[in-house]
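Labels A, B, C and D are assigned to the chains in the order they are written; within every chain, residues are numbered from 1.
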Amino acid sequence: MTYSIAILGASGYTGAELIRLIAGHPSIEIKALGAFSKAGQTVAQVYPHLRHLDLPPMVPFSDIDWAGIDLCFCALPHKTSQEVISGLPRDLKIVDLSADFRLRDPDEYQKWYGNAHSAVEMQREAVYGLTEFYRDEITNARLVAGTGCNAATGQFALRPLIASGVIDIDEIVLDLKAAVSGAGRALKENLLHAELSEGYHAYALGSTHRHQGEFDQEFSKVAGRDVRIQFQPHLIPANRGILGTAYVRGEALAVHETLVAAYADEVFVEVLPFGEAPSTRHIRGSNFCHIGVAADRLPGRTIVVAALDNLTKGSSGQALQNANLMLGIEETEGLMMAPLFP
Amino acid sequence: MTYSIAILGASGYTGAELIRLIAGHPSIEIKALGAFSKAGQTVAQVYPHLRHLDLPPMVPFSDIDWAGIDLCFCALPHKTSQEVISGLPRDLKIVDLSADFRLRDPDEYQKWYGNAHSAVEMQREAVYGLTEFYRDEITNARLVAGTGCNAATGQFALRPLIASGVIDIDEIVLDLKAAVSGAGRALKENLLHAELSEGYHAYALGSTHRHQGEFDQEFSKVAGRDVRIQFQPHLIPANRGILGTAYVRGEALAVHETLVAAYADEVFVEVLPFGEAPSTRHIRGSNFCHIGVAADRLPGRTIVVAALDNLTKGSSGQALQNANLMLGIEETEGLMMAPLFP
Amino acid sequence: MTYSIAILGASGYTGAELIRLIAGHPSIEIKALGAFSKAGQTVAQVYPHLRHLDLPPMVPFSDIDWAGIDLCFCALPHKTSQEVISGLPRDLKIVDLSADFRLRDPDEYQKWYGNAHSAVEMQREAVYGLTEFYRDEITNARLVAGTGCNAATGQFALRPLIASGVIDIDEIVLDLKAAVSGAGRALKENLLHAELSEGYHAYALGSTHRHQGEFDQEFSKVAGRDVRIQFQPHLIPANRGILGTAYVRGEALAVHETLVAAYADEVFVEVLPFGEAPSTRHIRGSNFCHIGVAADRLPGRTIVVAALDNLTKGSSGQALQNANLMLGIEETEGLMMAPLFP
Amino acid sequence: MTYSIAILGASGYTGAELIRLIAGHPSIEIKALGAFSKAGQTVAQVYPHLRHLDLPPMVPFSDIDWAGIDLCFCALPHKTSQEVISGLPRDLKIVDLSADFRLRDPDEYQKWYGNAHSAVEMQREAVYGLTEFYRDEITNARLVAGTGCNAATGQFALRPLIASGVIDIDEIVLDLKAAVSGAGRALKENLLHAELSEGYHAYALGSTHRHQGEFDQEFSKVAGRDVRIQFQPHLIPANRGILGTAYVRGEALAVHETLVAAYADEVFVEVLPFGEAPSTRHIRGSNFCHIGVAADRLPGRTIVVAALDNLTKGSSGQALQNANLMLGIEETEGLMMAPLFP
């Protein structure tokens, strides 16, 4: 059986990544592509790398005929997403890639994003899209909220550790190194090649990054009490990839065993042999997440490093994985491509 | 039906790229992986990005049982390849990715590679692997010689133009910009990140690059007389991609029409609308080749620019395309993945 | 003796490069810095890499007191420059880094830049700033027009060859590879790290780049008749550097000798031993230009490759070299720093 | 007055950087250049970017006439350095850039470097070369041991904080991001452009990096008792730069004030305004170190980020700064060049 989907916000990086992935999917067909400023153009004009595909043109959202569309991916900017999704048919399955439906608490949303949520009921209804931990809810959900790419990385490294109690949950530092495509196609000086290449730096200093809200919500939920980690992201001169280095208190071997056990049945999350370090070059363009664990020389301290591709496992790959579940398709369908190296 | 293949030289970049591609192929299975110095290791140890695959271990060539193997890919260094291939079973289909069987004339081989050929008869038998121009011969071949990646790029841009007489074949300049993975995994100072990043330069000055031998052979064959182009490659700070800029004498619109017609039925070679420029970012990781044509302001002069991924369409993708033909599989099978952008 | 200068347009890359160079100059002092949108800020805010310097704040142009200022560098966008310069004191020496005063013929200016020139008399008076070829005129000039960075590269490779008649002046192809800082700090999609890194391409297809106007003017002047070269630039994933590969007709040794002789007394232009190729990594951050010459295998054809740093020798370094001459300072003062490698 | 120096190990990156810096120094002259495998070549052959300089040829060490040489820089590999230095004249001032004389305790040396020290007495005599903290000792030293580049970065961020007691010295995590030139010109797979560009990762997992020995020695000395920090380095796709992110326990404003006070009189160490983040792009090619401080949202936790150029302030710039002191030259002479940006 073939399912029909639409993508809103097809002209951003996550939209393009969705098209790339779905182009290789045997049972999903792209029926409509919605765009704002680039409406009226073809995909080949906006994304020449997709010119070999036979795709519908990019149209204004209002031109889309929703009859016959089973699921809609929303790859829109934050805040726009909630407004657009409010106006979609009530029976349409939706995978949202924005931040709009990630946080359950409207106050938390307002705190991190600066505006009141305009679709509070849908916010309550939405399921958090970290597939490996919300598989059943996602399968039955109408609206799934894709996670932040940094948030996904940190949770893959830490969530089983917090759940199991194998580490001290009040002493977690997460130092994250993010490639630039995570910042989107926005025209900002610090994203220019001349500024970023040969220049790297910390940003959102002091745990002020918006994905922190997801850590607060999810880690607290897992622990059954408030958890507040220290989280510091850095911008790295690379296009794809996130590397998260977590400094935790707990026995390294126990940490490793906990992670191995947690992901034993997971196709996309691979825990490396003890002492091995993952690299972003080994997951690029794929839906895999690699996790490495090593003991620090200081007794009781452990390093956990997780690597994933922000556009794939951190965003559009995760979205497709969730869509597969929601549509009753095999979860891994269209997502088993090997990483691109070098 | 499923075919069984072996890869010799599995630990180089083209070997790894073959594994990546075949991993997504529905009717080819990897039965054996041969390696020299890395024999005894697993693929996951040599190439952690392939660790999710269920693959045979890397073994010395002599350990491979050829019974039941339909086709062998040889991704070995030049000169080694001819020695190894001479010792393979006579009925085994072979796709060679080295330079050893590209040139028909043993003297030309010796001139460009510096040593006498040790398998002259096989050299005579081999079919040149530029799929779009040798499709029938490849389909029936036992031994196919993959082209040089630079040679493929130049031929996609120029071959139909030389064949049709739409350009002056004595006045062709090809200025080529090659990413670094084409140089392989060799440990050389000029391939270090610290040397290459922020440093680019011409090499093999004055049409002395070895792929020139392929241009001489193929263009002369097409033209029915000796053709000698000027060919100057440059090393660019990027990992994948080749961009060839050809300066030709001929009417731009006629050049464009000739190329459009030549590739009208080709899936992997796309001629862009007149006046558009291709970019390596739009073909990365894919088996596509994009070609752009524009008129120069000087009457009768035309620019043709071709872009492809040296490891895919320029090497391992081409090899798989040829293997598909040799095994009677649909030519595009396993090769339709979209480029990775950004 | 110390001279006082002002910089208008201090917040662009060429402005910052001027400050970097002048900061190490023993007899020039920065008295005023003029900016548009960033007026009111300190240099340290706009350019944190210059925070150790004791510099005047960035002010609107109208706030600058010109009394006591000997020379003004204008690092403004094209078109803006002619308007601003028209309003400056008549006795102020000016080095303009924009394109506004490079072309002598108002029609040519309009043809390449699309608007009528608003300061035609000054345009006529301006001296073309290619120091090595206009040294005397620059020494006595009031207004010097800095060259295009691509134009400088091509002229260093070709000018002595056109002047001497050692090559066929109707058969010149210049294939140029430019790093991204030459495009300035403009916010454009194709200058983003995610688009440019791992993506390179030709632009201004078919000799339509604006610097072509400079080649037309200067090469025709040198030859005493119209000269029209073919010039095709490409954008390369690097921050600094231009590499120009010229394909010429002429004997390689004679070409080499001509260049060696032409630059024998020049400090900043180095002709490499015959057959050696220059690299952008060897001139980065310096005022040097390296030129290599090699014979092609085709008789009578020669490759000339020139490399320079677009922001230094191609722009701000050239500007300072000219200012030194105009102020009666040793020409090389402040410009002898070695390139930064790696 | 002019001083004469020699450089041993002139063909590595730190040797080349020394030449670059000294080329602009008004009172130091390079009298001899010693090399191993590249002896017999000119500097222009080994480092074409230095071809404009008038330098002595590279010779075997034994060919150097030490009479008339005031100071020798040793930019040799670890272990080689101690052997070579043992054989140098006893009255020669020496600045060593290797790791051989950094650790005072021979057992610590053996623990981190794996071999017994062969010049234990000189090891005892050597002064640790972190200029800002050993200024007097260096001024009077005969043998100064340059610090590790990572070690320098960490100490600039942390040393005044440990000394002042403003942070908890048992709770320090240092997550460091190092550009690739710090690994030298060694031919290793993971330093190839194709491997490193678009690939970054942690190495020396779990505080096993050799520079850890310097932290142990120096921080313990400052604190008056054993201090063991957690230190995890990462390799980043950039050529120059180190960014160290320190996670400390202490009040952010007090931390900032302590650093501001500690470096108030230092020319090369700049503490940014509270809350600002340094970037490697702002110190590249210079002798400056930028330090930023911000409060974490968790009470009592603070982020300190330090950025410097590993080849300049982290190695050869530091070495020249120390040589200036040892020769009685102004400390900043030859070191005030502005960073190269972009």
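The rule we apply is simple: contacts are C-beta pairs under 8 Å (C-beta built on N, C-alpha and C of every residue); 3 or more make two chains touch, one makes a residue touch a chain.
From a predicted model like this one, the values you see are computed outputs, not experimental measurements.
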(request) Compare the contact pairs of A-B with those of each option in B-D, B-C or C-D, and report the one where over half match by residue number. (result) C-D
(message) Based on mean C-alpha positions, I'd like to know which chain lies farthest from chain C.
(response) A
(message) I'd like the Å distance between the centres of chain A and chain C, where a centre is the mean of that chain's Cα atoms.
(response) 45
(message) Centroid of chain A to centroid of chain D, CA atoms only: how many Å?
(response) 39
(request) Measure off the straight-line distance from the CA centroid of chain C to the CA centroid of chain D, and report it in whole Å. (result) 36
(message) For chain D, give me the residues that contact two or more of the other chains.
(response) 13, 181, 194-195, 197-198, 237-240, 278-279, 281-282, 284, 341-342
(message) Which stretch or stretches of chain C touch chain D in the complex?
(response) 13, 16, 19-20, 23-24, 47-53, 181, 197-198, 239-240, 267, 270, 272, 278-279, 281-286, 288, 290, 336-342
(message) Which stretch or stretches of chain D touch chain B in the complex?
(response) 13, 180-181, 185, 187-189, 191-198, 237-239
(request) Show which residues of chain A lie in contact with chain D when the two form their complex. (result) 173, 175, 177, 194-203, 205-208, 212, 228, 230, 232, 234, 236-241, 243, 245, 247, 252, 275, 277-282, 284, 292, 294-298, 301, 303, 305, 307, 341-342
